[in-house]
Amino acid sequence: MRRRLRTYLDRAFTGSSLLSILMMSAALVIILAPMMYRGSKAVLFRGTVEFRKMQLNEPMFHRGNSQAIAEETERTEAARKPVYDLLERFGALLDTELSQKRARRLYRELKKQLRNRVENGEISQDRCDELQGRAKQLRNALVDAYEAGDNETAQRKLAVVLEPGNSALLAGTVGEQLVGEAGSYAEILQTMDLSQRGLYRREYLAVKDIVGKLLGPPPEQRGQAHLTEFRYGATRWDRARQLLDELLWKTTWAAQENGGALSEGRTKRADLFRQTQLARLFDIIERDAEKMLAPKRTFYWQYFIDDCTPGHLFGGVGPEILGTVLLTALAIGFSVPLGIVSAAYLIECKRDSCFVRAVRVCINTLAGVPSIVFGLFGLAFFLDWLPARAPWLGFRPGSNILAGALTLAILVLPIIIRASEEAIRSVPRTYKEAALATGAGGLRTFLTVTLPAALPGILTGIVLSLGRAAGETAPILFTAAVAWRMGMPRSLLEGGTRALSYSSYDVAVGDRVAMDAPHNQYGMVMTLVLLVLLLNMFAIVIRSRVARKLRGQ
Amino acid sequence: MHRVRQIAALAALIGVFYGSHGFAAVEKAKATAEKAKVTKLQIEGSTTVGPIAEAFSEAFMRVHKDARITVKKTGSGDGAAALIDGRCDIATMSRFMKAKEFKKAVEKEIMPVAHVVAMDGVCVIVHPSNPIGMLTTEQVRKIYKGELTNWSQVGGADRAIVAISRDTSSGTFETFHKLVMNKEKMASAVETVGSNPQAHARVKTTPGAIGYVGLGFVDRDVKALKVDGVTPSRKTIRSGQYPVARPLFMFTNGYPKLGSMTHAFVTFHLSEKGQEIVEAKGFVPVTEY
Amino acid sequence: MQPARASTLSAEPVAGNSAAAGFDRPLLLTPGRDLAGFVGRLVGKAVLAGVASVSILAVLLIFAFITYRAWPFFAEGGLVEMLGSSQWYPTHDQAEFGALSMFYGSGIVTLGAMVVAVPLGLLAAVCLSDVMSFGIRQYAKPVIEILAAIPSVAYGFFAVLVVAPWLQQRWGMDTGTNALNAAGVLAIMALPTIISISEDAISAVGRDLREGAYALGSTRAETMVKVVIPAAHSGIVAGIVLGIMRAVGETMAVWMASGMSAQIPSRWWDLGQSVRTLTATIAQEMGEAPKGGSHRQALFALGFTLLAITFCLNMVSEYFLARAKRPAKAKSK
C-alpha cells in the first residue's frame, strides 16, 4: 500500500514538473502568437486601391506605378459614382452642414468683395459696414433656418432673409446668392416635413461618415482635406470589411422588461431608409464593394523602413527602428569596452582583494536596480545635475539621445561584465600558460590568446545585452523618448528620438487614430519582439555551438 | 563556427546599415539645417490638445517646408513644466496655468501667454448597454467620491460602478475636478488612466464603467450622458449651456515674435484651415468661421 | 621565428638574462632592473582598476543622486506620512503623499506572482535538471530564455489587450486591469530567473547525495523533495529572492496591467481590484511633477525606497548564494 502511494506520488511529481514546463511553453505561445499574427497583418495584407493611391501621392512614400494606379482609380471611380451621386442627391435635402458651409463661404466672399470695392474707392467704408452687418444677420438667419428642426422655425428665419429690402440692398454683390439660397430652400420646405428630417438626418450623417471612411471623400472634394487621414478611404481590405459591416448593420440597444442593462441587437441600416432613394445605396455597396476598392495582396515590407504620419495611422516603423538601433549601439559602444576591461581586471589581477570584492558587490547591486530607478538617475544626473554643474560637457536639460544611451549603458554593464567574466574564466589555463611560455607579456597574452578564445562567450553577452537594451522602456522614458517627431535630431545632445519600446507603449494606450489602426499597434510590438528574439536566437546559437565544441573536445 | 561568423558578419552589416542610416540622417539633418534655415518647434503637453497640435504640424509642414516640429504628449502639467524650464516653445494645455506654475514661470522670467485654440467639452461616457441616459452633476460627484457604488442606486441595472478618471497631470482631470467635483477629492478606488483614448477604451470594454473624455473622443462605441439635462454637442458647448466645457490653450513664452514660426503656429488656428482641422478632430472651433 | 627562451613562467627575477638572442626588452623584473616596464605595468593596472571602478562609481552615483533628490522630502518628516497614510493626492493644494496604498499594491502583486511562480519554477527546475534528457533540455532551455528576453512592454501589451478583456468577459470581473492581471504577468516574468538559479543550485548538488538516496530506495519525488531541494535550499532561496526583486522592480507591464488606482481594497486579498505599484506611480507622474517641487521629491523618495528594498533583497540573495557555494567548497576537499 505504502509503496503504491509512493509510486503514485512519484509519478504525480514527475508529471507535474513536466506539466510546468509545458505550461510555460504554452504561455510563451499564447503570448507571442497573437502578437506575431496580428503584427504580421501590418506587413502582409490585402491592400485596396486607396492604399496604392496613398503610397503614390503622399510625398513621404511616393512609390508605385502611376499609370497602373491611374487606370485603377478610373475603374474604381466609375464603380463608386452611383454611390456618391445617391449620397449627394439625398444630401441636398438633408445635409444642412454643406448648406451651412456654403452660406458661410458666401458671406466670406462677400466680405472680400466689399473690401476690394472699398479699396478701389467704389463705395464708402460706412456703406461697406452696413452691407456687411446686414449680410451677417442674413447669414446667421439662414444658418439657423438650415439647422431648424421644424418647419415653423425655419420659415420664421427664412422670412428674415427674404424680406424684400434685402435683395435690393445687396444687389450687385455676392450677397444676392444668399437670398437666392434662402428662396430655393423655402421652396423645398413646401414639400418636406422638417421634423421627419431630423431623424433622417442623423442616420444620413452616420452613413455619410462611414462611406467617407470607406471610400474616401468624393472626387471633387479630394484635394481639400488638410489631413492625410481624411484624404483616403479604407486602405486595408480587413478594415474595409469592418466598415462595410458597420455600414450595413446598425447596433441598437434595446431596453429589457426587467429594467436591467440594455441588450445589444442589430438592424439593417437599409430598413431605416426604406422608402427613400438612399435604400439602393446599401445594395450597390454590398454588391460592388470589391470593384470599388480593388483589394490586392500586398507585401508591405517597406513597413520597416517608412516613416509614419502623425498618430501612426499610415506608414511604418522606420524611425523607431532607427532610434532603437542608435540608442542601443551607443549604449553597447560605451559599455562593452568598460565591461570587458573590468572583467579582465577582476580575473587577472589580485583575485580577492577588498577592492575586487567591492567591485563585485557593486556589479550585483547594479544588476538588481529596477529599471525605473535607472530612469530617475538618468533624469537627475544627465538632465539636471550635469547641465547645471558641468555645462562644458554639453548636456542640456532637454531629453537627448546621449543621456538615454548612457543610462542604458549603465543598465547593461553588469550583464556584459558577468558574461565576459564567465567567458574569460572558462578559457583553459593551458592557453594562457602556453602563451606565457612563449614569452608573451601579460597584456599580449590577454589580447592575442585569452580574448579571442573567450570571444564567443563575450559575444553572447553582448548580444543578450543588445536585446535587453532594445527592449527597455523605463530608462529612456524621461531621458530620450519622444512621441512623434519629424526627422532625426540634429545632434546627439539635443532632442529626443522615437524608439520602438516607447512607441509601443504610446501606441497601445495613445492616440485616437491608433484605435482605427490596430495593425500598427501590433506591428510595432511585433517588430520589437522580433528584434529582441532574433538577437536572442543568435546568442543561443553561438552558445550551443560553443557548448558543442567544448563537449566535442 | 564559420557559419556563426557568417551570421555575425551579416548581422553586423545590417546593424551598420541601420546605424549608418541613422547617423547619415542625423548628419543630413544637420547639413540641411545649416543650409536652409530650418526652424525647430518643440511642443509638449496635453494628450487632449496633442492631436490638434499634431494635425496642425502636419498641415503646417506642407506649407512651411522648412519647419521641423516635435510633439510630446504627456499631460498638461508636463507641458507647463517644460515651458517654464525653457525646454519647449509651445506648451499645449487643456487647462489654464495654475497660480503655482505662474509664480514659478515669473521667477524664471518666463511670461506665459495663452492662446485659445479650440473649445472642448468634457463628456461623461458610459458603456452603450447602460440604460441610464442622464445624470446630474451631483450624482456624478457622488459616484466619483465613492458614495454611490452600484448603478441601481441611480436607476440603472444592478451592476457595480467602475469609475475611471484621468491622472492628475491631465487638464481633462483638472476641468472635471473643478467643474464637477467642486475640487473635492475623488475616492481612492477610482481607476486612473493616462490618456483620453485609454479612458475611451476602458469604458468601451467594461459594461459597468463610467468615465470622462473630451468631445472628440465620443463615438458610436460609447454613450455620452446628458449632464443636468444638457446633451454635449458643439452648439451647447459654444453657447455655454453644457456645464462642463473648457477652452484649450497653447501657451508661449511671451507673445511670439511676429513672423516667427512659433507665431505662425499659434495663429494657425485663426485661419479657416486651422478651424476646419479643429472641427475635424472633434473639437469646437473658437470662431464661427 | 625567434628562438624560445628557456625562462620560467612566473615573473621571478632572473638575474642577468637580458638581451638574449632576438629579445631586446627584458622580462618584467624588479624596478631596479626595468623601471620603465614596472611603471608601465603599474600604470596599466591603475588604469584597469580605474575602469573596473566605473561600476562602483555608477552605484555610488545612483545612490547619491537618488538620496540627494529625495532628501528634502524625508527631512520634512515625509517618511512617516509616506508609510502611514494611504492618501496620495500630490497635486492638491494641500498635497498629501501617503504611499501606503502603493506599498500595498507592490506587495500584493509580488505576493500573487510568487505564489504562482515559486512552485511552478521549482517544479520546472527539477524537471530541467533531473527529469529531462540532455536532448530535450536543449529545447526546453531556450524556451525559458526566450520568456526572459521578451521585453516588458510586450508583456504589458498582452496583459492589456488580451488578458484584460478575457478576465472581464469570461470571468465577469468588474475590471480587467487589476491586481490579478498584474500578478499573472509578473509571475511569467519572474519565472525564468527563479528557474535558472534554482536549476543551477539543484544541479550543483552532487551526484553522491542523490545516489545515496536512491540507494536507500527512495523514489525520484522523495529524493528531490526530501534530499536534493533541502540540500540546494540556499541557492533556491537566492533564486526566489532574485525573482521577488524582478517583480518588485518591474515597471511597464504593471503600468499597463494594474489599473492604477491608489487604493487598499476593503478586503485586502481581493485580487480583482485595481491597484497601483510604486514603480508605475513614478513612471506615470514624473513627467508632470515640476522640477524641485515637493511632488518630484516625493517621487524620488519612492524611488529611494525602491532602491533600498532591492538593495536589501540583493544582500539577502548574495548571502544565500555565498552559503550555497560554501558547502560545495567544503565538500570538494
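When the chains are written out, they are named A, B and C in that same order, and each has its own residue count from 1.
To be clear about the criterion, a contact is a pair of C-beta atoms (placed from the backbone, for glycine too) under 8 Å apart; a residue touches a chain by one contact, two chains touch by 3 or more.
This one's a predicted model, so the numbers in the text were calculated from it and none came from an experiment.
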Of B-C and A-C, the pair joined by more C-beta contact pairs is A-C
Greatest Cα-centre separation from chain B belongs to chain C
Comparing each chain's Cα average against the average over all protein Cα atoms, the nearest is chain A
Here the gap between chain A and chain B, centre to centre from mean Cα coordinates and rounded to Å, is 16
So, in whole Å, the Cα centroid of chain B is separated from that of chain C by 37
Chain-centre distance (mean CA atoms) for chain A and chain C, in whole Å, is 33
Touching two or more other chains in chain C are residues 287, 291
Expected list for chain A, residues touching two or more other chains, is 509
Residues in chain B with touches to at least two other chains are numbered 74, 85, 193-194
In the complex, the residues of chain B that touch chain A are 1, 4, 7-8, 11, 15, 18-19, 21-23, 25-26, 29-30, 33, 40, 42, 47, 50-51, 54-55, 57-59, 61, 68-74, 85-87, 128-131, 156-159, 193-198, 200-201, 207, 216-217, 220, 272-273, 276-277, 280, 288-289
Note: in the complex, chain A contacts chain C through residues 6-7, 9-10, 12-14, 16-21, 23-25, 27-28, 31-32, 34-35, 338, 341-342, 344-346, 349, 355, 358-359, 361-366, 368-377, 379-381, 384-385, 410, 413-414, 417, 433, 436-439, 441-443, 464, 467-468, 470-474, 477-478, 501, 504-505, 508-509, 521, 525, 528-529, 532-533, 535-536, 540, 544
The answer for chain C against chain A in the complex is residues 2, 4-5, 7, 9, 23, 27-28, 41, 44-45, 48-49, 51-56, 58-59, 61-62, 65-66, 68-69, 120-121, 123-124, 126-128, 131-132, 138, 140, 142-147, 149-158, 160-162, 188, 191, 219-222, 224-225, 242, 245, 248-252, 255-256, 279, 282-283, 286-287, 291, 299-300, 303, 306-307, 310-311, 313-314, 318
Within their complex, chain A touches chain B through residues 104, 108, 206, 226-228, 230, 246, 251, 253, 255, 259-264, 309-311, 321-323, 325-326, 329, 397-398, 456, 459, 482-492, 495-496, 509-515, 538, 541-542, 545, 549
Within the complex, chain C is touched by chain B residues 74-75, 77-78, 80-81, 84-85, 100-101, 104, 160, 162, 167-169, 185, 187-194, 202, 205-206, 208-209
